[in-house]
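One chain, subunit A, links the two complexes that follow: it is found with subunit B in the first and with subunit C in the second.
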Partner chain A sequence: MCIYEDQIGKFDWRQTYVGRIKFAQFDTVSTAKKIIVATEENVLAALNLKTGQVMWRHVFESASSGDIQLLHFSDGDKVTTVTGSNPYLVRGWDPTTGVLLWEWPISIIDTERAHLSEWWVQNGMLVHLLPAFGSHLEVTMYNLMTGSNRGATSKLPTVWTNDGCILTPPYYTCISGNMGNYMLLSLDVTSNAVQIISKPLSNYFSEGEVIEGNLRPLDGKTSQPGFIIDDKAILLIKNNEFEPLNVRLADQSASATFIDAISGPMLVQAWSDENKGLSITAYNIATNTEITDMQMSGPKINIPEAELLGVLCINTAREQPAYRILLNGADDAVHLLQQGGRVVWSREESLANIVAAEFVDLPVSETDAALESEFDQKEAIKVYSSVWAAFVRRLHTQYQQLHTLIQNLQGEGAVLDTPSPLVRDYFNLHKIIVLITDVGKIYGMDNLSGEILWQRYDGNLNTESVVMFTRRSARHPPHDAYVTIIGKHEETGNGYVISLNPIRGTLVGERVLRLDVRLLQVALLHTVDAEKLHALILLDEDETVQVLPVSAAPLVRDLYMYVADRETGRMQGYALKYDGRQVIAQRTWSLNLGGAGARIVTIAGKSRTERVHSAGKPLADRSVLYKYSNPNLLLVVLERPDPTHKDVVTAVAVDAACGAVVAASTHRRARALPLAVHSDNCLAYLYRSDKHRRLEIATMELYEGNERWLPAGTQFSSFGCARAPSVERQAYIVPASLTALAFTSTEKAITDTHLLMGLSTGMLMELPWAYVDPRRPMTLSGEPREEGLIPYAPELPLPAEASLNYNRTVQRVRAIYAAPSGLESTSLVLATGLDLFYTRVAPSKTFDLLKDDFDYHLISIVLAALIVATYSTKYFASRKMLKQAWK
Partner chain B sequence: MHLMFIFLTIFFHYVACLDYDGWMNIKVDHSLNCASEKYCKRGTITLKSIRAGTAIIDQIPFNRKHIKELQELAELDGFYTIRTLVSTAEGKEIEFLSSVKAKGLLENGLSDIISAWVLPSGEVIAVTFQVMNSTQTNALNLDSEYPINSDFYLRHVDQAPVPDTASYIQKLEREREAREKGELKDNRSFLAKYWMYIVPIAVFVMISGAGNPEGAAQPSR
Partner chain C sequence: MSQIKSNKKLKWSLDFNSKSRSQTAEIPSPPGYSQSANANYTESSKDSDSQLLLIKKLWDVALAPLKQVPMNMFIMYMAGNSISLFPIMMVGMLIIRPTKALFSTQSTFQMVEGTQAVGQKFVYMIGNVVNILLALYKFQSMGLLPTHSSDWLAFEEPLTRMEHIGGGLSML
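This part shows the complex of A and B:
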């Protein structure tokens, strides 16, 4: 790989994310105003207040040891975090640079109750509260910087506590008592004297109201301890007294916070309604008036289930103070709003959790489409009855082309800033990436710029095992491209199908379809219907088949499906057939791969777009080693505990059409990783060797041998060959820990395939298949040398030059997606994880492309000079001839 | 009804890959000509020893009804489904399902290949029925009985190779030794080693030196 310094960012981009925000604190004291955030992805970061960009970021462990329990920041102070889950780590960070200042651990002896811990910072002390419901509260105070304990843990006897209690520092508040006779109790746990505030709950409700007794604290960083009862009444605690507010919660789902503005303490509420959109109200407590300039409502901004993360009140030179409202949505997007409802910036944090991605071709431009249809043979016969009609058509198109050319020339100077139209470029390098995120938000992203073109949030979509199919590419004008997403319904678990146009993000065809059954398997029909659409075949729980659209049912022939149970390792195959009325699924095979107690870790099938270019490999003796290219092959990696060998990993290559096992191998004392790839006749999977405590990659190649089984050109059939291919096997040590694995893919598969690996260090590596080729010989002499095989070395080389993302670390790489471009040499690569990284790779170098720094000027000057020289010598030669003739 | 026995002995290279030896019994049921149930008996395959791999196949021959039903299936390009129940010494009965195209089975004169895959622990993970794609069609003679020709193969899931560090280190050491040996042997003097290159150069220099005075003399003329 390797690029030059001036090529940085030319074909690649990186986007950094932090994940769904859990805590946010404004920092307005530093010169660069920022928001310090802690997220559910265990990231601590500082976002620029003006732009929303990440200023610094710390990514903690993704396991529970990285959980952020507390984020504390008060103006002029340091940022404090408590992370982990027993033992906890208390760390201090510099707010401007993000540098770690101090760190000390706390471990709680009572491990069973440790998860109930509550933390907050008060007067430079870290307070830890551990409740024992119905008995007492344990309060411990530590010096924030050093961790030294001020005194012993104090135990406050509180028999009235229960698991519905909440903490609004420093008060611990509970509702206790029986239904209809509730008492509201609150206790300042840090004061030296134990003073319990106790009031009947009915004091704060009008008579006849049903009191359920649910407590929830105010959101964000409140200036006064306060809470909400039953999503209705709001109470503050002032001077050790409950103080009910005159205003009630504006909406059941409203999120409320309490801030100190210049004009007095203020209650801000925000809620969203499906029809009315987002509403924000502010209420001045001191003057009992609504603050009108902060009020906004309207369907302009639609934030699903908006939640206030914080409100900032900035004193400006003018009299009106400026407000900044930070809102979190159910779609994980975070928005910073000004008063009046203008969005200062938004961050799409759900992109930190991408579950599926697909590259979609762009449509050709209108003129190109016209040209294509003109020269389309079938179309031509239909339309042109005579030569004259064709001639007229040709003239018309040429006039159109001229017209657009003139338009382009005119428009070039005027409108340069309009975004480039979404049409296919010459090399088909410009595509749209459709991304599905964990929360159910779907994005369309421009692959060249990384810009989000459209987005759609569907709270009903459960993306647990979501699949996406491109059912029609944009190659068939006038039909639009068509992408279908099949997931589960959030509540019922039934099938949920969303069909959309990937270019514009609008719903098309079946739109949003709620099925009333759970789905077992989904496949795309290999043949297209009259509208060039691939039908969707859904196999449901009752083994009945649905075809979308229904009109495509007669096209179902020779279709096979498999269903694998992850937990038991059982696999079943179905043959689907149209019997004249409907499509029926017949169970044809079932296997019990891995034996009893096995669990399927991963299944790798072939990519739908894959092509096989050559049927074999030429050997040194000029014979051909024919590949076993079974398009129905699956690689199944299973794992199971074994009484004698701890854990056993079994890898099985199965023909999914007829259910025959093609090859299988086991690894003893190993744990499988969910990383397996499969392309053509090459299979690779990773496992962790417990015996040697290292990561290893096992590779397999399947060959028919020196003779072809079937005559050239015949279609492979899974039902016609019971012969077993010969299997080449090898294993290599991977000197890194991998989190993602993929093959590059090119349009015609002439280019080499390389392995793309995502490392836990945040590197993306490109490794030629030749290095993991199972045919690497131990000693290099004679034939293997002539064939160009590399001599065997047990450890794989991972040189820094093989890194795709140079110094742009991609945190927590989860998956790598590769897609072919129109250039045979080039494959487009997207790595997802906490960050997104896009680049393009050329596994066999850019053989079909001029170099990036090709000197066009030099070659034109040389050409021009040559032409000039030719004509001048011609002239001089004729003069000389003339002179000689005169002599 | 007479029974047919086929004895097959398969020799294995990987006898050692099985942890414990044991017996195996495979009940073969099919869905042809069954009165009321979905599956009825086709035969049994018995192995006294998995390690030896010798199988005794005992199958009930097809009668006319079977063939007729098979032909009906073949017309629809349907599947002939076989259910197998495998029982071994240690485990409970495991059910497998496999199908072949009815047309293929008829064309091959009722001959199929049965392969069973066995884990090193002795567990069976797959029993598959397949037909060869043969072009010669065995014409079915119109007897009252049509024997089924089955070939049984027991296939072992073998140990995958591990990264071969030992032989690689040996190879490196051999290479180093060879290099050292080569260096020791070759401690002749510089002249002794490269005389074959030096002599021609010297000869060339002498020849060109002899020709030079003439050339040098020319310009002075």
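This part shows the complex of A and C:
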């Protein structure tokens, strides 16, 4: 569990993210130039302007109390934020270190309208504006540092306001009136004298243009108040007058901002087009000229729905000013561009919201593939007609192997610089992690370095209930690996299927498939077709079945599906059969678990790749306690409001093939957490006990008893036996608040399983199952002691040395994914949340691997010395014998 | 050097050949000594004596394993049932020695021909077998014999599954 200091970063890496950027401000005054950002994930951070790395970061509450309403930063000043939602917190931060300087709260009495509040900073005062549409505006000013109110709240009568009004500090602008004779009204809310600017809207449009009257403010931090009408005309407010610009918005979706450059005020626009890529234009207002060196367009950079976060104009020693453009995409990626369109850096902020992850094996190298095909019996019969052909091939491959060996030896120095090729290593520790993010961006990540190998954004993918299947691993050359992602279409809600090659990120097979029905559930067929591909079984809304590819339909046999409804707690089982023409889903069982009003909190099934090679546990008297390892078992955790016990948590182990309830337990006065794990015969789930106000983990283990029910090596059938397993149960107190729970997973499940827990403090804990084992005895004597069971203690130990991520805090851990490696001892672990953390764990220590600091030199020297000593003594001994014989 | 060595050798060597033949001439027997009678007696007694001695000696050999049994039992008792290096070595020796002895029975009783050879061999083997059984009992009580189902657990084939499942929470 623990690692040595020199092992830091050897097997693990952490990537820190901030989330989709909401506000950004450039800080060019400090010695280290940076961008201060506030994000949708309620994070305040400073990014290095040159590299894009996080310099400091503050993670606020993820609930609405952490919402960032305002980020204000002007050069030489402190960073000010307004966070929360009534009461609000105003805080000041030091821009270089991120240290909190001041903090004071504001609470608004009118709670119903509090969410309409607008904030900005003007002349060292924090201005709060609360509109009452159609009636008045309430403006209050506070001292930024102390929060002292300058005077009473001033109420400005404005009957012309509506919910389409926008604020471009300090002006509050509305379009009022009826269709056809719109009036554009604007008011400086901070000035002492109420001066309403009022102009008919048609002044700014040519004759015959249809005016819809939509207002939109300019993006980013503009140097002058301005807004866009109907995505066409751009108006600025100067000296209490509207000033229409000669340029119109270049594109409907264009994002525009207004900056003060050296040459004069400048309007920068950016928009992206699916075919043409990103375009940026800049227009000098003072001289009415296009600034050509800012202009760029081309399909080189593709940022979907680009949005300007800010433009920075730096004075350089040379004549030409340097520009930095910060762009946000619909895929949550943020890019910093130079003029000319060169990307300085990009941050993939969507990785702060990962919804699914899967470890995919890499293909074997070409020489290994040749070797494998040579020894593949079926292949061999096809290729070689005679022994001689086989012999020639053997010689050829051996020559190739020798060749690569020599090449490796020669180019050892050069190889180190180039990235390692994407081939499987000997222990299968090198894999690709396919990640699906909330916005619909899919990434392929190298698990050893954390480097993003490929990415694909699909705006149509709704990842609300996305699932991912590895339909073909890379073990079957010449076929490539094949991963399918099934989600919903963003607009229609119909099934949306993306098939990719996880190694390269290219679309394969069915590519992108838009189904014309909504999906109920999907399953993967257990048998493979001629191309070693697992078919996809799609169960529609109206319970008809589609098989992808269609040719695999006759293979459907012994397949059962279940669909659970979260809100009603109903579960429905289906048996899938091929009736000669098509696959039909037959309703077989139906369960209404947890009673009336129950809702399913979570369902934990076994991992698809799980293979258990240990049939039972040896006891102290050397008999075996056989496990009940039903591969079709599910753990369903439900929650139900109860008149006497407030809430009741029910956990049920259900056989999904036949619908039989195998075990169940209830906890009164408790709330369930969506954290449940299930592997082999072990089940664990968490709930919050309202009675004791603490978090508890309940565990169950299922056993057949001292006799096997079925002889070893036979087939297990859910319908075959009517016997109920014996259930061991126990509950423990968890002295921490958990946000993620997972089991380690190894290739053959011979190694111990450990629980991996993500704590709200940002720690990842590894807890041996022995501590939550339901068989922990109350008293320690006799057999349990000999077996090595730990006596029962209600509170679980969470020592600091059980932490996987030592001092590398992982903020807001949302899920932990574990995958087996080629080594039985080792499990690969990825924790996702706001940050990503990858490491590998060895639950039973690395019994099949030499220690990391194993002294290869010493052992080879000793071995060589021993060999030399043996031969030399042999020589000397024979010489002595000869001499003696002569005497 | 060889000269000195040879001289040294000469100093300690007795040369019987250098003695003259005259010295070995007949010397009259002491009085009361009857050469014939004596010769007869010695002949017979020597023969039966050595035979008896040999049988006795061989019985000793044959009974040795059986005599070791109490000693072995004591050693086993002292060794205890814990599995650590010394008890293992002791018990290992206990089983290896009689097994080796069993295999070398033929060579042990090579020089014996006679009436009791079969019996001796039988007793010897019985003794060793008793020792082996004793050692096996010790192994058993130490838990080193793979006689329980838990010892063969690792070799049991895992169950294969007949039904396969898929599904989850409704995606609607």
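One rule holds for everything that comes next: the second predicted complex is superposed on the first by the 876 of 887 C-alpha atoms of A that agree within 3 Å, B and C clash if a C-alpha of one lies under 4 Å from a C-alpha of the other, contacts with A are read in each partner's own complex, and residues count from 1 in each chain.
By definition in this document, contacts are C-beta pairs under 8 Å (C-beta built on N, C-alpha and C of every residue); 3 or more make two chains touch, one makes a residue touch a chain.
In this text the structure is predicted, and so the values were computed from the model without any measurement.
When the two structures are aligned on the shared chain, A:S465 is found in touch with subunit C, with no touch to subunit B. Judged by the touch definition given at the top, the superposed model places A:R587 against subunit B, while subunit C stays out of reach.
Using the contact criterion defined above for the overlaid structures, shared-chain residue A:T153 touches neither subunit B nor subunit C, since it reaches no partner.
Judged by the touch definition given at the top, the superposed model places A:K488 against subunit C, while subunit B stays out of reach.
In the overlay built on the shared chain, the residue A:S717 is in contact with subunit B and with subunit C. After overlaying the two complexes on the shared chain, residue contacts for A:S64 are found with neither subunit B nor subunit C. Under the contact criterion defined above, the residues of subunit A that touch both subunit B in one complex and subunit C in the other are 717, 719-720. Residues of subunit C that touch subunit A in their complex: 143, 148-151, 153-154, 156-172. Across the interface of their complex, subunit B is touched by residues 572, 575, 586-596, 642, 644, 648, 650-652, 658-661, 664-668, 689, 696, 698, 717, 719-722, 724, 729-733, 778-779, 792-795 of subunit A. Across the complex, subunit B meets subunit A through its residues 19, 79, 81, 91, 94-101, 104, 113, 115, 117, 119-121, 123-126, 128, 130-133, 155, 157-165, 167-168, 171.
The touching residues of subunit A, counted against subunit C in their complex, run 465, 467, 488, 518-526, 537, 539, 541, 558-566, 574, 600, 603, 605, 611-616, 618-619, 622-624, 629, 631-632, 656-657, 710, 712-720.
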